[in-house]
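As written, the chain order gives the labels A, B and C, with residue 1 at the start of each chain.
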Amino acid sequence: MIRNSASAMAEALAKKEITSVELTQLHLDRIDAVDSQVHAFLHVDREGALSQAAAVDAKRAAGEKLGPLAGVPLALKDVMTQKGIPTTAGSKILEGWRPPYDSTVVSNLKANGIVILGKTNMDEFAMGSSTENSAYGTTHNPWDLDRIPGGSGGGSAASLAAFEAPLAIGTDTGGSIRQPAAVTGTVGVKPTYGGVSRYGLIAFSSSLDQAGPCARTVLDAALLHEAIAGYDKKDSTSINAPVPAVVAAAKKLDVKGLKIGVVKELSGDGYQAGVRSRFDEALQELVAAGAEIVEVSCPNFEYALAAYYLIAPSEASSNLARFDSMRYGIRVGDDGNAGAEEVMKITREVGFGKEVKRRIILGTYALSSGYYDAYYGSAQKVRTLIVQDFAKAFAQADVLVSPTCPTTAFKIGEKSDDPLAMYLNDIATIPVNMAGVGGMSLPVGLSPDDGLPVGFQIMSAAMKDDLMYQVGGTLEAALLSKWGAPILSQAPALATK
Amino acid sequence: MALTFNDAIAKYEPTLGLEVHVELNTLSKMFCGCATEFGAEPNTQTCPVCLGLPGSLPAVNGKAIESSILIGLALNCSIAPFSRFARKNYFYPDMPKNFQTSQFDEPICVNGYLDVEIETDEGMKVFRVEIERVHMEEDTGKSLHVGGATGRIHGAEYSLLDYNRAGIPLVEIVTKIIPGTGKYAPQVARAYVTELRDILRSLGVSDVKMEQGSLRCDANVSLAEIGSGKLGTRSETKNVNSLRSVERAVSGEMVRQANRLEKGERIIQETRHFLEESGETRPGRSKEQAEDYRYFPEPDLVPVTPDADWIETLRATLPEKPSLRRKRLKAEWNVPDKEMTSMVNAELLDTVEETVLLGADPTKARSWWLGEISRLANEKEVAPISLITPAQVAEVIALIAFGDLTDKLARQVVEGVISGEGTPAEVIEKRGLKVVSDDSALMVAIEAAIAAQPDTAERIRGGNIPAAGALIGAVMKATGGQADAAKVRELLLKHLGQS
Amino acid sequence: MTAISRDEVAHLAMLARIEMTDSELDHLASEMDVILGAVARVQEVAGQDVPPTSHPLALSNVFRADVVIPSLTPEEALSGAPAKADQRFKVPQILGDAE
């Protein structure tokens, strides 16, 4: 049962073949069995999950109308607040904090009867591509426990690949949903900016952050997308328009007449050979399904990474200023003599990890007087150029595609001392965040050179999220009929306790 | 020998700059739905947003935007077609996010002016104070310092924070530099803040209570030798909490700076704090190093782009300017300058106007409020308006007019009302104060009504009883609602031979 | 790009309120040098004619009605406080004046 898709689980629940309490308990048992190796979870809310499940079962028994995913368990990235449940964003500075409020995503999940199993590991404040920056230890990739599960949402992706949860919530600032999905053989979607409320998402970079669904199939992602998306008056940057019909799009299984734009600048040098070959084969599947392939050029994408590493740290330096030990979180150095200012400095020194401090300092520099125009200001101009590149490309194609990442999962520790090499992981995912458009990663096979999953990225224009689901759903179906079984069936079995 | 104010102005020319912070009186905060009540129990008006909890996001209070635009319009500003919030980044424990959501290079209103009138050696003179900008921001929390010898910031053992005030909408009004005020600089500063306060009050956008901090003034002062054509280094004086303090702070700072310059000392560009007791200023405690606010556009909020329709709709609701209203009332009531100034200074203009609108004679209304009632209010150290209502004062004045009360008896009635014995009628009843108990006073009014409407009277004489309503109404109006309508009817009909 | 000095990094750490040891400052200065060298590329295409984009959405005038919504209880508000007293957040002594 736990290897099923979320929609299959939902169907079994609807037919009363299984109760939500039973389904939840199966997942809690799986977590107990394998999470000591994977370390996807930072906190498992056993009692809370079972009582949510029991509540859904009771409603179902009473014949109440329920959401399509009611009773299905989910893993929540630890960057989302959930009332009364420890929320750390992977940082020591928030150790022990229990928020007094629910994020809008959590409210929506609860309203849909989706059972929250617990909080998943992540790079501290979502800054990283490997979860190695978590203050609470690295998550391991279920495909190879010596490798990274991607980041920042490595915990959410790994929980899906390890069958600890059929659904998960991620957040994506520069690729933190899509890159983990790519390296774990799962599906991850960054919706259009403003499509899902950011209220209760602990901000890394406000103008780039976007929460989205993580799942093992495109349809499951679509179902979760519709459950969490929609206008929220608590988020002034949320879009006040109907959610695109992504579930219907995921079920279309037809791409005839669609134009698929291959972004010239997001392939070639620097991309692993096996990644390229699987990407090309996937394109052929789409051609066979009736799509037309066109090449598009986005010449300014090559500046996206540099602009991103100015904009995101700048906003982060301000967003993370509130962690000062005065109102919540840990407090260090309060010996009765030290002043507030000094205690703040010591707490922030002890509470933040290396990467977070590096980015705070970088962002502080980029915004400081005398450097603003040259750095933050210039990066904002690059952002304009990227928006223009996307506009031109979407005039030529319905969706754009590229490999999600240049490589498959790398070894834990391999890049942790080289920030620039680490940053390159996000080279293909960052442009999407800069322009606020939609992006999806889905698995398109294993790289022949190392046997690890390869991700295929589909990008759609703002509020055209349905198009990426349509193309993703079609491609997934074509590959499934070719493979005969989902890609995760090829993952090595994890030892169970 | 230290220089006096007169010595200072003989040699130096002051330049002023005033920054006024106004707390808007919206029901909810700038960026969240928490209440804004003054004096609530600590931390009872807080939520994830105004506590800066991780994950929370601001949402702009539309009423605060409207109030800001109204202020800009009242100050003759241009309303920016595009304005934005920005983050002002600096750390301070009473600021929950460690940045203040404010406006930087894109404020909502720019380039206005306010004319203020002051009394000079050559009579009343108008100074034009130019406004550079009006922008929106949020207030901080309040800290309480515990322990140490004085309880002041230094020597405190720890501090306690209450965030009820955090996030209350603030509007900051910044003048351009104000040159050429000479020895009148302190009065101009005071007159500007007074006029601004009156405008804000007339707009109904703020409580404008300086003592509660809903109106706060920072005064920038610099001196240069007369005729030098230079601009001196300025100091910024904070903590100026009353109109009188504005005047004292400016003159105190002029004297302090003149004395330093006289000794050949440099003026340091710094923040200073006004000391209410001595009228002097002390230097603020400077931070170890200069801050760099690293402003950037607030990514959690979207731009404010008011269109012309919205602005014009708001402009149409602007009330009469306080300065124009004073001119009008002065003419209507025929009040001498000095009396007018007394009323304004005593903050009784609204009250007197209200009393007059209830039918009282302007001169009498003024003299009651400024005289007897103010005297009693002073004794009790409260505001006159808290003792008695304009309607009650109007009633007493009407009773005098009808001869029911003498001035002496009226004072007893007022005193009775103030000591809580009830309405004027109840006081009269209880104390048995009424002079005239027969119907003669009413008859005077009835005869006046008949004289004014002879036709109606004729119809009543002819038996048209319902026509009496018009005359009864006139009598009621003339007596300020004082008379008993049934009694009026009885007397009227009898007088016209209909009973 | 010119190198970023250790003193400059120390100033940034002061602005960001992060205590740093000398060796940390040295290490960070050399890292910042490399990173800034890489990100300075943005200046190559950031011409005067290019307008800045600070946000991906072209929304404006998003306002909330001036309505009071129930606050947290003081217990909830103070639930995460490292220290509290008299229904207030208790913090080490505050030196220096407010803005």
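To be clear about the criterion, a contact is a pair of C-beta atoms (placed from the backbone, for glycine too) under 8 Å apart; a residue touches a chain by one contact, two chains touch by 3 or more.
Since this is a predicted model, take the numbers as computed values, not measurements.
Each of B-C and A-B has its own count of C-beta contacts, and the greater count is at B-C.
Compare each chain's C-alpha centroid with the centroid of every protein C-alpha atom shown, and the nearest one belongs to C.
Our note on geometry: chain A versus chain C, Cα centroid distance of 24 Å, whole angstroms.
Centroids of chain B and chain C (each the mean of its C-alpha atoms) stand 38 Å apart.
In this assembly, the C-alpha centroid of chain A lies 54 Å from the C-alpha centroid of chain B.
Multi-chain contact residues of chain B (touching two or more other chains): 47-48, 51, 53, 59-60, 91, 93, 157, 159, 161, 292, 294, 296, 299, 301-302. Across the assembly, chain A contributes 97, 99-101, 207, 233, 236-237, 317, 321, 324, 326-328, 336, 340-341, 344, 364, 368 as residues in contact with two or more other chains. Along chain C, residues 15, 17, 54-55, 57, 59, 62, 64, 72, 77, 80, 89, 91-96 each make contact with two or more other chains. In the complex of the two chains, the chain C residues touching chain A come out as 4, 8-9, 12-13, 15-20, 28, 31-32, 34-36, 38-47, 50-57, 59, 62, 64, 72, 76-77, 79-83, 89, 91-96.
Looking at the complex, you find that chain B touches chain C at residues 26-28, 32-35, 41-48, 51, 53, 59-65, 82, 90-94, 100, 140, 143-145, 147-148, 153-154, 156-163, 271, 273, 284-289, 291-292, 294, 296-297, 299, 301-306.
Of all the residues in chain A, the ones that touch chain B in their complex are 80-81, 87, 89, 94, 97, 99-101, 103, 198-203, 205-207, 233-237, 314-315, 317-318, 321-324, 326-328, 336, 340-341, 344, 364, 367-369, 372, 376. Interface residues of chain B, counted against chain A in their complex, comprise 47-48, 51-60, 87, 89, 91, 93, 96-99, 157, 159, 161, 292, 294-296, 299-302.
Residues 11, 14-15, 17, 54-55, 57, 59-74, 77-78, 80, 85-99 of chain C touch chain B in their complex.
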